[in-house]
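Please find the structures below.
The following pair of complexes shares a single chain, subunit A, combined with subunit B in the former and subunit C in the latter.
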Partner chain A sequence: MDLSSFNSDFVVFLLLLLSLIISSLCAVMIRNLLKAAIALASTSAILTIVMFILNSPWAAVFELSVCAGLITVVLISAISLTGEKPSEEIVILRKKRLQRFMILPLILVVVAALLWISWPYLSNWVPKIVSSEVTFQEALWNIRQLDILGQIIIILAGVFGIVVLFKEREVK
Partner chain B sequence: MSQILGFILIVVILIFIVGFYSLIVTRNLIRILISLEILMKAVTLIIIAAGYVTKQTSLTQALIISMIIIEVVVIAVAASIVVGLFRKNGTLDSLKIKF
Partner chain C sequence: MPLLFIIFPLITVLILNLSYKKIGSKAALLIGTIITLLQMLMSMTFGGFIWKGLTDTLRVNFITDFRINSYSLIVLFTIGLISFVSLIVGRSSTGKDKFNFVNLVLIILMGMNGVTMVADLFSLYVFLEITGVASFVLISLHKDKYALQGSFKYLLMSAIATVFMLTSSAIVLMFAGSLKFDIVNTYILSYNGVPFQMVIAFMLFITGLSIKAGLIPFHGWLPDAYSSAPAPVSILLAGIVTKVTGVYTLLILFTSVFGKNTMIGTVLMVLGIISILVGALAAMSQDDFKKILAYSSISQVGYIILAVGIGSPLALLGAILHFFNHASFKSLLFVNSAAVEMQTGTRKISSLGGLASRMPITGGTSIVGFLSAAGIPPLSGFWSKLIIIIAAWQAAAYSYAAVALLASILTIAYFLRLQRNVFFGHVAEGLENVTEANAGIKGVSILLAAINIVVGILFPLVFKYMQSIGWI
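For the complex of A and B:
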């Protein structure tokens, strides 16, 4: 995709960014928790497309498989394990919740307008281009070796935490 | 190039506001996890954009992969804590939970 000038590719990219905002807004505003989790998965899927466009295919694959897949499964299983409330209580909670979130789209519009006004200052904020590009394999396995070790420890800690917390207590 | 980074920066700020507002306002524990996820998406997007502009996508991808792994472990452990709290208290409301 050619994003260097204002053409049809650029417009498609802007639409993707817009859909990213809308889907994240849906994820926090939808009343049903299950639908909110699915909206979050769609946010991850759209972010994956954006990552592919921005030349990051490896991170995009991880984002799609782990964030859109695994985290959605974890959230949906947590939602199903926590169950539903009585219907009268749900109606009262939904009304209160809607009142709290009504102001959020307004805040977004105001902040977007402020950012649009301060556009000349924002467009000057650009990191400097560094020419020495390394390969992904070299970056992951050679430059960030300590991170890999940390990741292994974190995964083990996570697995241990889940096993301990999901373990059923013995009934005396 | 700076134009695209500016657009992405605006989108990141808006997504961050969505996640942060929801994190402050909501009382349901699972919704708090969803808000945390949205904050992480905003951070992921700005790191990827920075890598694209500086032509250092390899380094940023390695960083993002580390971030995704930490993210999934945090969410998995937090979800199991939420389930444990629900079993003990019978509610997901953060104001009604007793530790």
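For the complex of A and C:
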């Protein structure tokens, strides 16, 4: 890698990516559900900054409002409705959980090493800059109409999911 | 006109739920059944003036980026047929949840129709997710413990598949600058051979789709999900959902998006052969009626994937015919398993026996189903397997052809075991008073058995008819 590219912007960007990885690892590995939800929210928040730096303001806005905002609210309200497990069970679960997730950082290290080794070959792949000539409105309402229709259907599917899975509890 | 395939069910779902007077579950089932019949009719008369007129009057041509070719019409027809069968079986076996069941079947119908018709990788992903979400809910319709477990496994595996497919789409977007099928294809054709980054993207997509199709070694979720789901849902899942989301999508991507590539072709052929063998061997040792059928599905899907991997026009014809035949005989067998479970209360084949004398129609049609699955002439399954094996031979893939041929013997072996334990021999204790299932289930099993026999015996005529309506 060319050392001259190590300016302050680049260092900040690297730090952001690093904290993205750490906070997403936290979201998976932390035992406390509330803290895990907050870690997930901060992952989204960092991702928002990354997207903004990468010149995708619209994606950043959606990431911030939906993933960091809405989903966190839903998750936290769901967590506050559930009870704690007895402490003996927690000890057993904690051991099992950690064993299960120990592999995650290892995988990350291996992937990073592979990327580092193959960097000279990969850097030849010059990605195309996707044209940003079309405006956001045009892209959403004229080019991706089908996806909007799809989104309506997926929301319907979600509604029926909630009806089917939670209806009985209401009746009780 | 393609939009009609999505608009009709969508409007129906809205009407069912938003009507002023609450629509009863029986009426909902009837309306759902009509929609599936309408879909079969539309796919048979695609482009007909009624539909064109309807499209123009209703102005439902605001979305046009669909991609309909002859194969997608067969798939759309099969989707209609299997959804119809599932709704008929659901009439007698979904209990209180009938209303939600109809709505979810219509949603999954829209999802699958979308997957069949889209011309863009991201839209493909959106419709795959619709199908996925609706399947998770359908599997856990009765909130039975095993069903929830099966559904959760499917959910997790699908999430992993999603990661693979989105990563692949990202790579494609980075290099080709668009996700539209034709633009990606032109980009790839502009190179001499498929460029390396596209091979990686395609491999990632294949992995995602293999999870969706339940190919070995990505099949972990499939037997649990199939066997724990309510009967009409297993028919839908095994008959069509995994075939459309996994197999048909793979076929489209391989033939008209990423382009044929020998290396990827070989990977698909190997995946296909392993699925054929391992699925068949695993089916032999099962005791659960539906699990045998589930493993058998893995094995039969292997044939389709093998044909896609070969990639010649004859092989692709075999693949699409086997797609249709597999949907018809496997849903027939699932209908039979539903009938047996409903009347005896068990699916364990070791505690069943001699049911052919008590349930002659179920017993008789299941023989048709398994003979067709094993590729015995003159049933429909014979023709598609024959075409696939001939195509493999022509492509000089002799060992693959031989294994595919020999695996048919394995198919006969596990189905004979199933037949002997469930339908032949002495009537098992406690099953003396078992009677035939209700008229709806009898009707659809006779219908599906008839399709297998008629398509088999009159194959040349059926083939000509398919050509005349533009399916092949």
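Convention: the second predicted complex is superposed on the first by the 145 of 172 C-alpha atoms of A that agree within 3 Å, B and C clash if a C-alpha of one lies under 4 Å from a C-alpha of the other, contacts with A are read in each partner's own complex, and residues count from 1 in each chain.
Rule of thumb we're sticking to: a contact is a pair of C-beta atoms (placed from the backbone, for glycine too) under 8 Å apart; a residue touches a chain by one contact, two chains touch by 3 or more.
These numbers come from a predicted model, not from an experiment.
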item: Contacts of A:Leu146 with subunit B and subunit C, given as first, second, both or neither; value: second
item: Which superposed partner A:Ile22 touches (first subunit B, second subunit C, both, neither); value: neither
item: Partner chain(s) touched by A:Val11 [first = subunit B, second = subunit C, both, neither]; value: neither
item: First, second, both or neither for A:Ile154, with subunit B first and subunit C second; value: both
item: Touched subunit A residues, subunit B compared with subunit C; value: B
item: First (subunit B), second (subunit C), both or neither touched by A:Ser56; value: first
item: First (subunit B), second (subunit C), both or neither touched by A:Ile92; value: neither
item: Intersection of subunit A interface sets (partners subunit B, subunit C); value: 125, 127-128, 130-131, 144, 147, 150-151, 154, 157-158, 161, 165
item: Residues of subunit C touching subunit A in the complex; value: 6, 10, 13, 62-63, 65, 97, 100, 103-104, 107, 110-111, 114, 118, 120, 122-123, 126-127, 129-130, 133-134, 136-137, 140-141, 143, 173-178, 197
item: Of all residues in subunit B, those that touch subunit A in their complex; value: 1-11, 13-15, 17-19, 21-22, 25-26, 28, 30-31, 33-35, 37-38, 41, 44-45, 48-66, 68-77, 79-84, 86, 92
item: Of subunit A, residues touching subunit B in the complex; value: 3-4, 6, 10, 13-14, 17-18, 20-21, 24-25, 27-28, 33, 36-37, 40, 43-44, 47, 50-51, 54-56, 58-59, 62-63, 66-67, 70-71, 74-75, 77-79, 81-83, 97, 100-101, 104, 107-108, 111-112, 115-116, 119, 122-131, 133-136, 138-140, 143-144, 147, 150-151, 154-155, 157-158, 161-162, 165-166
item: Contact set on subunit A toward subunit C in their complex; value: 125, 127-128, 130-131, 144-147, 149-154, 156-158, 160-161, 163-165, 168
